[in-house]
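Here it is, the structure, as structure tokens.
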Amino acid sequence: MPTSQPEPPQSAWKQRAYQIIFESDTRAGRNFDVALLVAIVLSVMAVMLESVAPINREYGAYLRAVEWFFTGLFLLEYALRLLVVRRPLAYAFSLLGIIDFLAIVPTLASLLISGSRYLLVIRTLRLLRVFRIFKLGRFVGEGEFIVTALKASRFKILVFLAAVLTLVTVIGTLMYVVEGGQHGFSSIPKSIYWAIVTVTTVGYGDISPVTVLGQTLASVLMILGYAIIAVPTGIVSAQMTSHRPAPAAPVYKQVVCHVCQAPDHKPEAEYCWQCGEKL
Amino acid sequence: MPTSQPEPPQSAWKQRAYQIIFESDTRAGRNFDVALLVAIVLSVMAVMLESVAPINREYGAYLRAVEWFFTGLFLLEYALRLLVVRRPLAYAFSLLGIIDFLAIVPTLASLLISGSRYLLVIRTLRLLRVFRIFKLGRFVGEGEFIVTALKASRFKILVFLAAVLTLVTVIGTLMYVVEGGQHGFSSIPKSIYWAIVTVTTVGYGDISPVTVLGQTLASVLMILGYAIIAVPTGIVSAQMTSHRPAPAAPVYKQVVCHVCQAPDHKPEAEYCWQCGEKL
Amino acid sequence: MPTSQPEPPQSAWKQRAYQIIFESDTRAGRNFDVALLVAIVLSVMAVMLESVAPINREYGAYLRAVEWFFTGLFLLEYALRLLVVRRPLAYAFSLLGIIDFLAIVPTLASLLISGSRYLLVIRTLRLLRVFRIFKLGRFVGEGEFIVTALKASRFKILVFLAAVLTLVTVIGTLMYVVEGGQHGFSSIPKSIYWAIVTVTTVGYGDISPVTVLGQTLASVLMILGYAIIAVPTGIVSAQMTSHRPAPAAPVYKQVVCHVCQAPDHKPEAEYCWQCGEKL
Amino acid sequence: MPTSQPEPPQSAWKQRAYQIIFESDTRAGRNFDVALLVAIVLSVMAVMLESVAPINREYGAYLRAVEWFFTGLFLLEYALRLLVVRRPLAYAFSLLGIIDFLAIVPTLASLLISGSRYLLVIRTLRLLRVFRIFKLGRFVGEGEFIVTALKASRFKILVFLAAVLTLVTVIGTLMYVVEGGQHGFSSIPKSIYWAIVTVTTVGYGDISPVTVLGQTLASVLMILGYAIIAVPTGIVSAQMTSHRPAPAAPVYKQVVCHVCQAPDHKPEAEYCWQCGEKL
């Protein structure tokens, strides 16, 4: 719900800018989104290439220029978003607003802390916003189906994870005792790391048991890991099987809030139920 | 639908050749298919054996002869198919027509680009055609069941893949920062490669974390990978469970087009709805 | 059911202590549980850190002191539990009572057998008790759902495990014969270990086949392992899918026994059906 | 059904021996089965231990004596089975009869071909017979449930395997071309072996891509392997979910044939429907 005092009418250019930056119903808005998507991908690729030593030697200066150019653009875009949105604070502290902010910080921070620049790959998370915009219902719905199934299973999955963590702690420690602190099992935390590598069937082989007792224990852990993968799979399968034929879902407006991206508005709603922005 | 002007009646030998090459209802047609299957398997085995150094030294000349022999045969067969089919262009640009064509090209191309010869293993895709011919309903039906379930889940699977790719990008970059570009994490793309190797539980061990923070982050990624395998599995399970008792499916003719292999023709259809070939 | 002779009325301080130590309905009881949880986590972390060589050199003495301190606390707590509980033997031989006991033993035993100290990580199992206390129905219920599904599937899973064990025995031996006792396949038990590493898709790579025949056999085993993971998953999925809409389950009291943690008491029950403790 | 001419009445001792060796309803029969189980396990363990070099040096002679002793016993048992069974040929060529025979051969063959002795681990398959005897309905039923589900899914699984094999053939060859026959990708068959190791998520790491293009291709293969594991799992889950509430199964006698172990006899049946032996 909006605050009670009537908000000042937005100036015309603000409304226009809002349409372009936050919405994607107009041609200009769609073009803006596509340009944003390209900019995100290019800037992430620049920092990736920069991390490759031979490329860095050759083109490092150019890539850093590209990086600063895009960071400048994103900074400008962020300022614009704050300017044209009706309730800047609501946007700034929404999930998407925080991601937009975090996508700029690393490059700036790299002036102080070298290496932090690489963290700008967090920009890839911004792609999720563009994803939502391109949506046309389909992808958002499917994504929400998955999220709903995982949410409904969260207690079961937590219990399962707690059981797995207890298992790797106990077996990891046993292995430390059994292998006598040798063959890579140099401490309990490292042995627990090995147990996780094993129970998840990743199996790097950087640490592997050598003694007969250790290999026997490892075999038990592997077969356990092989069998209990059935548990989360069963949980999610059962959840998805049961939740498919949604029993007469409530009808919502086919819009998401342009500021906080909240979905599921009542048909008669005029304001976002989450941040109060006009829909 | 066919073009409006009446097509010229096929000459008798063309009809006969069509029956043998494209259909498998007659004894001759079936024999042709079996011969084709054997030829494909032999030619693929020849190129495989040729790649084994000691065998190549000994029998290289023979194997290359075998290869050229079969390529000649397939070229002849391809020409015949073009000749006897009613609408050569429709065949040439159908999926199977393109595979038939690509199965010949690599050997010819090897005159210009050495090494391209090995690409003729694409011939194995031709086995799928033979698979369809041997069908007797069963295998095609089961294959279509799987394809249908995957198709119905494609949006969910794409969302899942997008989430996994974002995850490996972010964690791969973090690992690059955490391990300081050492222990094999020599660049961001390489670290992302490592993250994919880990999240899919493949775990080669060619790159593995050494620092405590790196191993902790890797453990999180492994447990995530172990848990989220449940998502695609759950999606496909739910899909397959629900789609089994198909609710009054439309009835189709039990034939596939001999040229483009399109299924699902109306009972009263006389021409393929996709390429216009007579059924 | 309790023994027939009437039990002596508990003294007031015992009842109070019982409430604090065994129950978690009062403020004091809840605080006790939180303190216990923190103590468990700290003591387990102490022994883990102690196993890390550089930390041990620096802070070994402190960590061992911490360890003895917590062991003393747990010993005291165990004595108190025995004192205030109505039926000490029932508690001592219940699953949780045994775990409480085992959580103390390793540190004491380390005076005799060096290295046994590390086994006190079994204390992590005590966390499960705290888990139950924090419950509020939710987690216990979900945990029981998983346990029930696994229990219902236990015969199928045993048959599956028997089949897998037979498979790895036979293929492991074949590999020993095929690889001629070389390339790490130095004995049949070791080859079986390799087969387990392979069929569970862990794949350390500490042992891997080198001969052509061995690699072929390994390929078969891998594809088998890849395919048969579907069996336990299918079993558990089917079980969980079917058991969700529980058909009119018998109604039980929403309590678990404070001593032996047995669930599922009749609504009219006044004593635990397993250990006779008053509910 | 038995042959039409009336069979000669069995002599009394034969009937008694039959009861002991083939059946397990009498006390003597049960003891015989337990003794057999112990003998199988001991003889398999003997050959396993013998393969361990240090144990072999020390106790080799004893272990070989144990092996010959048990082989003698099993030979005797096999002869007895042939003698007392009503239709020796039906037994000899039944699945269990063949396994009984193969369990003796390797030790005898080791006189001619050294190393063949190890193949007697095929004796572990005999344990399946004992498994059936211990049954009490439960395990056999569960085993049959699994086998039925797999059988019902066999066409789908074959289609899936054909697709996987085509995939590894094509990608394996591509990797051979991409990695230029180096980094372990020394031939197409070896590259296909690598592709199988990767797509099944085993990931030994004995061969792993080094070039950028190779690692990219490997990433695609891994994500494919990670995703398509959902297919067989979904197939089996769907099958098991659907087949659980068996719709009014036909009622069968609670016996299996003592000779060929065929189950599912009509209540009124007096002879085995598979081998004609008296039930």
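For reference, chains read A, B, C and D in written order, and residue numbers begin at 1 within each chain.
By definition in this document, a contact is a pair of C-beta atoms (placed from the backbone, for glycine too) under 8 Å apart; a residue touches a chain by one contact, two chains touch by 3 or more.
All of these numbers come straight from a predicted model, not from anything done at the bench.
**Student:** From the centre of chain A, which chain's CA centre is farthest?
**Tutor:** D
**Student:** Shared numbers divided by all numbers used: is that above or below half for chain A and chain C, i.e. same or different?
**Tutor:** different
**Student:** For the pairs B-C and B-D, output the one whose chains share more C-beta pairs in contact.
**Tutor:** B-D
**Student:** Just give me the whole-number Å value for how far the CA centre of chain B lies from that of chain C.
**Tutor:** 46
**Student:** Can you give the whole-Å distance between the Cα centres of chain B and chain D?
**Tutor:** 33
**Student:** Where in chain D do residues touch at least two different other chains?
**Tutor:** Expected reply: 189, 201-205, 229, 233, 235, 237, 241.
**Student:** How about chain A: which of its residues touch chain D in the complex?
**Tutor:** Touching chain D from chain A are residues 201-205, 233, 237, 241.
**Student:** List the residues on chain C that touch chain D in their complex, please.
**Tutor:** Per the touch definition, chain C meets chain D at residues 155-156, 158-160, 162, 166, 169-170, 173-174, 176-177, 181, 186-189, 192, 198, 201-205, 208, 212, 215-216, 218-219, 222-223, 225-227, 229-231, 233-235, 237-238, 241-242.
**Student:** Where on chain A is chain B touching in the complex?
**Tutor:** 44, 47-48, 51-53, 115, 118-119, 121-122, 124-125, 127-128, 131, 138-139, 142-143, 145-146, 149-150, 157, 161, 164, 189-190, 193, 196-197, 199-206, 229, 232-233, 235-237, 239-241, 244-245
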